[in-house]
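Chain IDs A, B, C and D follow the sequence of writing; residue 1 opens each chain.
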Amino acid sequence: MKLSIEAELVYNFAEETQVVANLEASRTSDQIILSESLDIQPPSTILSDTTPHGDRRIRASLSGDVTIRYSAVVENNRRQLLPQSGQQHVWSDLPSEVLPFLLPSRFCPSDKFMRFAQREFAGAGDGIARIMSILEWIHRNVDYVVGVSNAETTAERTFVDRAGVCRDFTHLGITLSRALGIPARAVSAYALQLEPPDFHAIFEVYLENGWWLIDPTRLAPIEGIVRIGSGRDASDIAFLTSDRQCQVISQKIQVFKAP
Amino acid sequence: MKLSIEAELVYNFAEETQVVANLEASRTSDQIILSESLDIQPPSTILSDTTPHGDRRIRASLSGDVTIRYSAVVENNRRQLLPQSGQQHVWSDLPSEVLPFLLPSRFCPSDKFMRFAQREFAGAGDGIARIMSILEWIHRNVDYVVGVSNAETTAERTFVDRAGVCRDFTHLGITLSRALGIPARAVSAYALQLEPPDFHAIFEVYLENGWWLIDPTRLAPIEGIVRIGSGRDASDIAFLTSDRQCQVISQKIQVFKAP
Amino acid sequence: MKLSIEAELVYNFAEETQVVANLEASRTSDQIILSESLDIQPPSTILSDTTPHGDRRIRASLSGDVTIRYSAVVENNRRQLLPQSGQQHVWSDLPSEVLPFLLPSRFCPSDKFMRFAQREFAGAGDGIARIMSILEWIHRNVDYVVGVSNAETTAERTFVDRAGVCRDFTHLGITLSRALGIPARAVSAYALQLEPPDFHAIFEVYLENGWWLIDPTRLAPIEGIVRIGSGRDASDIAFLTSDRQCQVISQKIQVFKAP
Amino acid sequence: MKLSIEAELVYNFAEETQVVANLEASRTSDQIILSESLDIQPPSTILSDTTPHGDRRIRASLSGDVTIRYSAVVENNRRQLLPQSGQQHVWSDLPSEVLPFLLPSRFCPSDKFMRFAQREFAGAGDGIARIMSILEWIHRNVDYVVGVSNAETTAERTFVDRAGVCRDFTHLGITLSRALGIPARAVSAYALQLEPPDFHAIFEVYLENGWWLIDPTRLAPIEGIVRIGSGRDASDIAFLTSDRQCQVISQKIQVFKAP
C-alpha cells in the first residue's frame, strides 16, 4: 500500500532544551520512502542520523514555541504478514543483535510473567501458535480504554487493570512473548484508520528468521502501518526525548492512502 | 596492572534450559587478555559471540548440575582515570551509539530524578565536577549494607532506603548522571580487594569524548578492575540469563595481582 | 475563628452505585458546628453515622447525575497551635487508639524511611523540634506543583519527585513523622485562602498528650481550617468512596470568614 | 476443638527498642482461652491492652537478646463455617466499624482490581458464591511457593507472579473480595497441621451479619485455627512492630490438639 503522512507537532520549550526526535519513517527493508520533507520553525540547526537498523533521529537545541512538520509518502508492499505456523528459535539460532529483545525492560518486566506465560500459553503449539494465543488472550481480557493508563504504566499494571491504550497493549504483548523466550520489540508507527488520528504503538516478534509486525489492539491493518522506530519498549521509541521538561501544545497526525 | 581471575560457578538446571552467559573479560581497548580458558562440565555445545563494543557472550542449552570455570590473565594499563575537569557534551556532539545511555531504564528511572538532580548537582561546575558531586553525595548519604536490596531494587528505592550494595550504588550513580543529561552505563567486572570476592558492578560516564569507569562504592581501585560487560543497567549485564528459573549452587571468584 | 463553608459537588453515576461520603465538618472537641445543612438532589435515602472520634459519614445508593450541597458555619476557637517544645511519647505512654498511626500505610510507607529520618531528623532535639525540622525540610526540598502527582502517588514517589500538591506534602510529613516513631494521621479539611478553593489535605501528629494540626504546604492558617475527617492516609479520608467508578462533573468549594 | 499452643521467639535488639507485640490469642466470641502464660526473659516492664474487637497487644522497651515465650490452651467450638449461601450486604446495612474493611490498603490495592473482579466473579451468584469462586480461582491459579515473595509483596504482585505463601494468598483473597464490595480483613493465627509450624495468615469476609474465617491456602482446617489479631492487611497484624530494625534469632511455634 502507498501511504501519505502529515504530522504537525507544536511544543513549548521554556528554556534552551536539547532534544532527540524520532518521527521520520524508518529506512527499513519493509518500506520505501517515495518522498518526504521535514521542516522546523523557527529554523534550527539539526543533526540527523540513522541507527544500524534504519531508525532515524534528529538532534537539536530548541527554545520557545517550535513547530515541527513532517510529511512523507511511503510504500510498504514488501511487508509480510505473520505466517500461519512456525517454530520459535532456540536462542543459539538467533542473530546476535536480536538477543537484547529477550530481556526484561522497564515497561516489559517479562521475568515476572514466566509462571503465568508458561501455564497459559506454552501448550499452545509452535511459536506462532503461542503468539496467536497471546493475542487472543489480550483481546478477550483487556479493554481499550483511554484514561486508565499514563506514561508510567507498565505491563504488570496493565495486566492487573485489564484496560489501556495501544502502548499498554503493546507492552503486554511484548512482555508475554519474552516470558516465553520469544524476542519481541516495540515499534512506533503512523497508522491508517486510527480514530482520533495519533501516533501508534505496535510490536514485532522474531520468529522464522524475521521480525513480524503485530497490532495487538487490532485497530490498524498491518498494510496500513508506516514504521518509525523500534526499541525495547516505549522508553526507546518516544517521539521526543529532552533534557528538560517541555510542553506539548498541539499534535496533528494524518495518514491516508496515497493514490 | 596485570590481574589474574579465577571464577567457578555451579548452577542447577531442573529442566533443559537455554542460557546466555556473560562472564569472560571484554575485548575492549582498555584491557588486553593475555591468556584465558573457559570450561563447562559436563561438556556442552557452546556458541560464542562478541558484541560490536567488545562484550562476549556464550549461549548454550544446559540441564542438571553444571560447573562453569573461567580463568584469565588481563592487563589494563591503558585504562585512564577520570580527568580533573571537563565539560559535558551537548547531545549533538555525542556519538550516535552513546544516545541510548541518556534514556531512563528499568533500574535507572532518571526521568523521575530531574528536579532533584538539577537542584542538587547542576550548579557544581563542569561535567566532571557534577559527576564528582554526585559521587560525593552518594558516599555521604548511602550506606553499604548487605540484605537491604534484592534483584528488583531500583535506584528510586535505593534513594529512599539510603542503603544497598554495589549494584544499587551503580544504579543510583547512573540515574543521577542521566538525569543531568550525561550518558551513563552499567559495567560488570571482576575486581581486586572485594571482600568477600564476588562479581562487581560499577558504571561509566561519557565525558570528554570517552567513557570513564567509576566505582561509586569506593571499594575497588579502577586499576584493579577487569571489565566483563556493559549495558543500560543490571538487566543487560547479568552473568546468566535463562529462559527458566535455575538455582545457583555455588559461586567462587578470585582476583589477584598477577606477577 | 468563625468560618462559613459552601460545597457543591456534582457526580455522574452511570449505574446504581453505593457510596460512602465524608464531607460534613467533624464533631470533634476542637470545633463547634453552629449551623449546617446537607441536601442531595434528586432526593435519596441516606444513612448517617459518626465514628467514635467524631468523623461523620453518609451512605447512599445513587445513580445518574447527583448534586450534593453542604453548607455550615463552624467555630474553631478552641483549637491550639503546636507548642514551642515537647518530648515525643514513649510508645507505652500512648493511648491505645493512637497506635495504628505509628504503622506504615499505603501512601505513607514509613518503614522504608527509617534510615533517612534517623539520619536527617533524629538529632533535632525533642519531639516538636523534630517535627519542625521535618516541616522545614519539606519546605526547602519539595515544590508545590500541580500535575506531577495523581491519586496513586505515594510518599516514596514524592520524595523522589520533589514536587506535589497538598495530599503529597501531607503524605510525606506523615511518613517522616512515623519513621521517627511519632504517631501521625491524615486530615481532610475545608480551608480559608486556598487558591483555587478546593478540599485540603493536612496532617496531625500526636505529641504532649494531644493531636496537633499542621499544614505542611503552609498555604492555609491553622485557624482557617475546618476539619472533616481523619485516617491513616488519603485512602481513609476520601470525600467519596464508591463500589464502581463514577465521574466528577463539577466541584465548587467556598470558605470565608463568617461575621 | 481444644488446641494447645507453644511459641518461643528470640530476637536481638542492638539498641533500646520500643516494640508492640501481638501474639496472644485474641479474646473474641469465637474462642475461649482456657489457660495461658506469657514470659519475657530478661524480665521487662510490659503494658498490655486489648482493642475493642478483642486483639491483645503488649508494649515494652527491649534491648539485647530477648526471649518471648507464650503458651495457651484455647477452645474454639463456637466458630462457625462459612454457610452454603448468603447475599452480600448493601453498604447501608453494614455495621459502621466494618466500613474500613471495604477500602484498599497497602498490600490489598482492591481499587485496581475492580475490572478484573467484576468480569471474573460478579456473575457467580450471591455473596458466598462469589467468595467461593474467588477461592477456587486462587486455588487453580496461584502456587504455594516459598521464596517468591517477601515482606513487601502486594496482592498486585502476587496476581502477576502466580505464586506465594499464606500471607500472599490472604492478601489476594482480601483484595478480590473488596474489589466486589465485600468487606474483608486479614487475620493472624496459630494453626494446626502447618508444615513447618509457623504463624499463619488467613482472612475473613463479612457476609450474613458476621465475619467468616477462610484459609485461602487450604493448608489448615478452620477448626484448627487460633485467632491472634485482625486488621486491614499484614501491616496491622505483624507479630512485632518496632521503632528500629531488629533481628529474629529463632522462632519456634507448636500447635497440637489438646486432650
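What we mean here is this: a residue touches a chain if its C-beta (ideal position, glycine included) is under 8 Å from a C-beta of that chain, and two chains touch if they have at least 3 such contacts.
The shown structure was predicted, so the numbers you read here are calculated from the model rather than taken from an experiment.
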Selected pair, greater C-beta contact count between A-B and A-D: A-B
Centre-of-Cα separation between subunit D and subunit A, whole angstrom: 45
Rounded Å distance between subunit A and subunit B, as computed from the means of their C-alpha atoms: 29
Multi-partner residues of subunit C (at least 2 other chains): none
Arrangement of touching chains [line / ring / star / complete / other]: ring
In the complex with subunit D, residue positions of subunit C that touch it: 18-20, 45, 47, 49, 51, 57, 59-61, 90-92, 96, 99-100, 102-106, 109, 114, 181, 235-236, 241, 243-245
Residues of subunit C touching subunit B in the complex: 112-113, 115-116, 119, 143, 156-157, 159-163
